[in-house]
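Step one of this worksheet: look at the structure below.
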Amino acid sequence: MEFWIELVVSVFLVAGGIFVLIGSIGLAKLPDFYTRLHGPTKATTLGMGCLLIASMILATYQQGYLSVHELLITLFLLITAPVTAHMLAKTAMHHELEILDRTSGKELSKRARERMNP
Amino acid sequence: MKTKPRFRLLPMPLHSLILFVVWLLLNNTVAPGHIVLGGFLALTIPLLTSGMQNTQPGFRKPLATLRYVLMVIGDIIVANFEVAMLVLGSSKKLSPAFIAVPLNIEHELPITILASTVSLTPGTVSAEISADKKWLYVHVLNLTDKDELIASIKQRYEQPLMEIFEC
Amino acid sequence: MLSTAILIVSVLVCVSLALNLWRLLKGPSRPDRILALDTMYINSIALIILFGISSSTSLYFEAALLIAMLGFVSTAAMCKYILRGDLIE
Amino acid sequence: MNLLWVVLLPLIGTLVPLFTERFGRNICTLSVAILPAWSLILVLMFAGDIFDGQEIRQSIAWIPAMGLDLSFRLDGLSLLFLLLILGIGLLVILYARYYLSAKDSMGQFYAYLILFMSAMVGIVTSNNLIQLWIFWELTSISSFLLISFWSHKSEARKGARMALTVTGAGGLALLAGLLLIGNIVGSFDLDTVLSSGDLIRSHATYPIALTLVLLGAFTKSAQFPFHFWLPHAMAAPTPVSAYLHSATMVKAGIFLMARFYPVLAGTDLWFIIVSLTGLITLLIGAYVALFKHDLKGLLAYSTISHLGLITLLLGLNSELAAVAAIFHIINHATFKASLFMAAGIIDHESGSRDMRKLNGLWKYMPYTATLAMVAALSMAGVPLLNGFLSKEMFFSETLNQSTLGSLSWLIPMLATVGAAFSVAYSLRFIHDVFFNGEPIDLPKTPKEPPRYMKVPVEILVTLCLVVGIFPAYVVGDLLNVASLAVLKHEVPIYSLAIWHGFNIPLFMSFMAMVGGATIYYNRRHLFEFQSHFDEPDAKQIFEGVIQSIVRGSQKVIDTLENGSLQRYIFLLLLFTLVMGALPLLDLTQNTGSRAQIPLDGVTLTGALLLILSAIATVIWYRRRFLALIFLSVVGLIVSLAFAQFSAPDLALTQLSVEIVTIILLLLALFFLPQNAHKESTNRRLSGDLLVSGLLGCVIGTICFAMLTTPLNTISDFFIANSKTGGGGTNVVNVILVDFRGFDTLGEITVLGIAALGVFKLIAKMRIFMPTRDDKGRAWSNDPHPMMLEMVSQSLLPLALLVSVYIFLRGHNVPGGGFIAGLITSVAIIQQYIAHGVMWIKPRINIDYQWLIAGGILIATATGLGSWIFDRPFLSSWFDYFDLPWIGKFELASAMLFDLGVYLTVVGAVMLILANLGKLTTSERIHIKEND
Amino acid sequence: MQHLPILPILIPMLAAVLMLLPPLSNSISRHRIFAVLVMIVLIIASTWLLLTSHQQGTQLYILGGWEPPFGIALVADRLSTMMVLLTSVLGLAAQLYACAGDDNDGMYFHPLFMFQIMGVNGAFLTGDIFNLFVFFEVLLIASYALLIHGGGKQKTKATVHYVILNLVGSSIFLFALGILYGTFGSLNIEDMANKVTLLGEQEQALAKAGGLLLLVVFGLKAALLPLHFWLPNTYAAASAPVAALFAIMTKVGVYSILRVHTTIFGEDAGALASIIIPWLWPLALITLIMGAIGVLASPSLRLTAANLVIVSVGTLMLATAMQREAATSAALYYIIHSTLITGALFLIADLISKQRGKAEDRYVSARKMHHGKVIGITFFIAALTVVGMPPFSGFVGKILILQAARGMSEMVWVWPVLLIAGLACLIAISRAGTTLFWRSSGKSSNDVPISRLKLIAVALLLSASPLLVMFGGPITDFTNLAAAQLHDEGQSVYAMLPEGDK
Amino acid sequence: MEAIYAFCVGILTTCGFFLVLRGRTFTVVIGLTLLSYAVNLFLFASGRLKLDSAAVLGQSAEYSDPLPQALVLTAIVIGFAMTAFVVILAMRSRADQGNDHVDGQIRLPLNQTHISDKRNG
């Protein structure tokens, strides 16, 4: 395998891995649900993106033709991740989960819960 | 919003196009057999599912769309780095916030896309949309300037979307 | 180099999964756990991709695709359950 | 001429009354009598040959595997019994014509009676042990029906049941005994058996066989201690008592002993059991009879006593005694049947059988009284009547035995005492009923019965007299051939004269007469003495015993089958544990010779996730949503495991099924309590944990042993033939749709049926709809979040496309109809979740039921298609085609089969989920939860 | 006709499917006519198959043309075809009974019924152990759905128990199959029988565990103690035609034990020979005893009938434990007899309970039945048969089994237990009958008409009883041959393959 | 690897059986699902474990045993059908009986009735 391909793939892989991990770290360590929500929904998209790009490059190289079907996974993730986040946020507001005290505009969450205007 | 009568066999041309591309993506091929099959599927599946689609304003500006997509991808990348820093740093330094973004666009699809974009980009998650679809509630991981953020959302994402959907 | 990278990433993903499980076990709220589960779905996609890369096969692509599609459905369903109780109404 | 007809005619006759009943009583009676009479004529035609010393046989093979042949014989003993059965039977038919009231169903009565008659005829003519037993049991059944003829009376029902139980139990013992005898001899043919006496008597199982056969005989013949059923059988109409319970059925046991006399008798065991039983029965019967106020009760105990007498005679192991026994069979049948008929007439004409009310009937019915008195005197053993003759023989035989050693004198002594009581109750029968003052409170004024009702009695009483006076002429030959049949060789010399000079038997008779008269004269003292004892009511005791058996059984059942599923499962698992664990003791080492794969970190992490999640599911099982979440983690890890261990198809399937299952569980959880309280005791929990833990160990151990043991399998064949024979490179899929397509057809059928079943369940369901969640929060006001709606509907075409993709590639790479079907279903379900039923309803207009049926039909039709090419069901076909521009592609019947799978899956999943969803769109019912 | 062996599976399956589609769907009257016709066709096909198998030897049907042990083969020998015919006859009667109205108490009765028949027939015919599992599931899922037919608390409760227990059972089945495949490397029963002596020591222990776990599974289906608890309430709760059809279900378990454990773990299996027999003896005896106790304790006719099923299972298991041709032959005769008669008894119980108002079929005093006479006759015949009284078929089966036990050391147990159990049944049934028909209070109940169809169904089943005795000779000849076939290890399905396919 | 695999199967079996032994329908269903995972893994194991050898011709150097995989697929589908039925049955049972106990009625152990009596008093 050519070095630069290996390099690129490795870089993408490790980057992806790191983002995936960061997402999960965020999930594990951030102080309240709403902040935790940020970690995975974003970091994983990029993390996954990197991994999939690595996979794409490698597969293209190995199979000798353009392998792009990994894009489809990314597409799915990009479409669904926001809805997941939205639904989870709705759930959290519905359960009136404790919001970190220093969050500004806390009262907005109550308005949002009722889907009223602020 | 104008709803033109469409060619019955092609109720959703954009869908058909996407499906056709996705088919080729899935199969990793441009073999003639798959082109025929993909074409066939791209025609029939929308026919089958057209009943399941609420009519939405169509895309009118392919170029603007592309530009928007690229911009969002760029933002996602940046956002991820920022969020990464925030996550790895001390969580005591975070100043999270709820904000309400007033919306100008009205249709469901553009609003959904806007909310999705917001969720995908730096430190913001669309938490809720008001029942009258006039407000987007956003949770911000680390708020520095509320008005600036609102303005940036409106200008950076809502504007182009209004342009794309001609509404 | 690639194999080292794969090894590193495996470790990273595994640690991620472990963290997810930790959150899953800890909660404290239901949304927390659903979020952890959703993250777990996504991390397992990573694992499968990695798996495909290391054994240079595309046989597992569909599995990753399915998790992406179905994981979403599952998460959405769980949220809907919490919000409305009734999934289909 | 055909011996078979002797049995068949009455058997056919059973049906006659059912058809002729409607033509009136006389015609019915007449028609009923024809076939038995014909049968009797046949018997009489045979009689000449029998008297000439012949035995007539006839045999047809029936069930050789069981040793059962349809086999009949006619010898002296059979002839004697046939004459009794058919002769007295005909008289009883005539008698019953007048006895039965208009309310009674005559047809039914006669049918039962003739059935009984046929059974008796069958018993005495059987030449096959099993056949004999069949007829034996038939007598029990028909007697049950006859005793319970007045089924509205509790007496009748209980009496019938008691008789059936006792004789039924005896019948089972008899069966065992006969089978044992058959096994000893190696044949169930009576001739063979009868000629194997030495073999039988010397066999190790002889005592058991003897005991069992005698149990049969004693129960039937009401011998002590099984005698108690007979008095209660008197609840039957009197013709039945006269026929079954005096003349014939109770004699079946005697017949049995006589029949097997050549092979079973002659041993000390026989003597001890039979003679002692007979003696005790004789005494008890005679004693108790005296105290019965019921006319039929007296006669019943008298019958017991006389049966005891005959048994005693048979038990004496003396040939002359056996002859005496046979003689007494005849005599007892005649006088006792006539006495019962007389009692029946008295009952019929006066409305009572109570001897405390019946007095002085001589004035009212002198003719009947005369007949009854003659019969009663015969019963008492008065000279010139037949009873006297056999009693004389009996006495002399009791003197001729010495088996009890120095105590042998006891037997004639006790025989005399018994006879004295017999005289006493006969006197009571005569004096108390026909004299002794005036009737008291009788329901009717007694009068003579109709003319023809007396005829049977007249005939029988005449027989008593004729036999009593001219014994040698009247019954000499018959007794001779019957004895010959019993003894199997020359009959010893005996004399049937009335007068044998002054001898000890005559003295004993005299003593009995005097003693009987004395006892009767002093009866008041005796009655008073007897009244100090509570007479045990056999019926109550018997019912009590039965009821305590029933109650005991109920207790056992209630204790074991307590309706607790948990217990049943526990037992199932315990049993499984034992079955699974014991063989492991033979497992010398857990680890086999197969090389193991080194463990890696990813697998370890996965395992950790799996184990912790599984345990978390258990720990939080009462918090159901939580359990569900952990369950999904387990499912996810399991699919990853499949992926890792080279099973991509499994991974895909597991994933898709997993999601559908989660959705299903979520749907269900809404209608179920969200959380549960702790309700298992710690003891139960630890017990359950122990068993399931041990089972886990067993399964784990087996799994490990299996994994490390090398395996030779048939699978190489599949890999070798997948492409060439099945046309696909995904071997798993080719197995599913081709090599083992039949499994798959069954599998989708299961899925389809499950969907139908679920629909059935839902159709009648009245559901609980919680208006709040488990924490008391009202539900969110946003049933269909907009973003979810928008994204879901745009995902639908994509998901369908992916389904098509997965479907088409399945034959060659992981995928296939099932997974594709699940993806389609999930995509549609997602629409339901996002938009709700009402939105979908006008948009999807598919009858899912048809989809299921259509799917299975397509799959089956694909299989059937191979019939056209004369190949077996599900033979596959595939070929490659080359079209210009498009290129080479494959068409395979397997695809069509897979399409069937796809449609079934979609239909089934949708039928289940969509209908479940629809449940809530109807009016919400809120029922207060009671748990 | 070469496709004959698969017809007993395909006919009901296609019938069921067609009934779900237009023009048959949604019309109960069309369902009825169609279903009865199909069932008659099925009886004809089954009879034809039985005769073919009997006269021309075992019929092998190789699905997809993939010869065993690779593909799935149906083995239509005397035993399996006999069971198939039995199922069809029982099915027809139950179905006729249902057509009088019970089929309309819920949805999909006839399709489910057909699926059930398909599953049962498949289980009888298949020669592949995993395929057996599949057909078990077919018949189980159909039975779940049928059990709930008609609705009501009792049925729901019984179904919950029945379903959950059987799901656990199915799991154990799969564990067992995993072990068996993991040691034999094959799924074809005949092939496994050939391989059983070749197993190494390690595999033997595992295979033994597999074989014993199968006993658990089949024992659960057959209602062998201590796995029988589900049966009484389940059968008593089921609607009459379903309960009648269920009479064959325990026999599927018995059949499977006969088939699998005689073929694979039979007497020629070397170290694994007769592995279940030491267990079967005591379990069968206790089952028989518990069944008899249950019969005595039953408060209603339906429960009595259900417990009689347990008695019959105990009896059959005893015969199986004897491991003799004569015993197997006796068992086969007994299977025919007990299946049809318990089926009839469930139907009769239903006839009775419809006539007695609130008292239903419980043993309490109630108003006199309006059609007491005709029902009484049917009850009487059924009662005599189940009790084992001549002239009906019960005694033949009992005597055959008693005789089969002769010379065995276990005879000391078998005979008394069998005979005393018979006595217990006699006591219980005579109490039952006298109470139901004669212990009436007050006037006769209102005229609840009895459908002629129901009576025909009952008569159809009951007629088996005298016929089995009358034609006892030919029938026992047949069961002898069937038993010989089962015990003959030398006979291989491969022997029947054309040369080229070997 | 084999050891940890077997261990997991054992754990799943234990958890599954334990939950099946509980008294509430939903829990039993969860238990049955866990059990079916155990069963499927076990059945799969009968073909032994192999890495990187999916039974797809031409895709790997050697092939894992495809037959158990096919069997597991069948088992999964059937298991799904059964789960679907039993889940709805659980609902039906709740609807008919008013509670979700497997016996249709709640059985309190003696000592617990005692406690609840105390609580009431």
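Each chain gets a letter, A, B, C, D, E and F, in the order it is written, and its residues are counted from 1.
Following the convention adopted for this analysis, contacts are C-beta pairs under 8 Å (C-beta built on N, C-alpha and C of every residue); 3 or more make two chains touch, one makes a residue touch a chain.
All of these numbers come straight from a predicted model, not from anything done at the bench.
Touching chain D and chain E at once are the following chains: F.
Of all chains in the assembly, those touching chain C and also chain D are A, F. For the interfaces B-D and A-D, the C-beta contact count is higher for B-D. Of all chains, the one whose Cα centroid sits at the greatest distance from that of chain A is D.
Here E is the chain whose Cα centre lies closest to the centre of all protein Cα atoms.
Mean C-alpha position of chain A lies 32 Å from that of chain F. We define each chain's centre as the mean of its Cα atoms; on that basis chain D and chain F are separated by 39 Å. Between chain B and chain C, the centres computed from C-alpha atoms are 23 Å apart.
In terms of their C-alpha centroids, the spacing between chain C and chain E amounts to 48 Å.
For chain C, residues that reach two or more other chains under the stated contact definition are 13, 17, 30, 34, 59, 65, 69, 76, 80, 82-83. For chain B, residues touching at least two other chains, in rising order: 22, 26-27, 115-116, 126, 129, 131.
Under the contact definition stated at the top, the residues of chain E that touch 2 or more other chains are 130, 134, 137, 141, 144-145, 148, 151, 160-161, 164, 168, 175, 178-179, 181-182, 187. The full set of touching chain pairs reads A-B, A-C, A-D, B-D, C-D, C-F, D-E, D-F, E-F.
Here chain E touches chain F in the complex through residues 130, 134, 137, 141, 144-145, 148, 151-153, 156-157, 159-161, 163-164, 167-168, 170-171, 174-175, 177-179, 181-182, 187, going by the rule given at the top.
For chain B in complex with chain D, the residues that touch the partner chain are 12, 15, 18-19, 22-23, 26-27, 31-33, 36, 41, 45-46, 48-49, 51-54, 108-109, 111-112, 115-116, 126, 129, 131, 133.
If you check the complex, the residues on chain B that touch chain A are 22, 25-29, 76-77, 79-80, 83-84, 86-88, 91, 94-100, 115-120, 123, 125-132, 134-135, 137, 139, 141, 143, 146. Chain A contributes residues 1, 6-7, 9-11, 13-14, 16-18, 20-21, 23-25, 27-28, 33, 36-37, 40, 44, 47-48, 51-52, 54-55, 58-59, 62-63, 67, 69-70, 72-73, 76-77, 80, 83-84, 87-88, 90-92, 94-95, 97 to its touches with chain C in the complex.
Residues 10-11, 13-14, 17-18, 21, 24-25, 30, 33-34, 37, 40-41, 44, 47-48, 51, 59-60, 62-63, 65-67, 69-71, 73-74, 76-78, 80-89 of chain C are the ones that touch chain D when the two sit in their complex.
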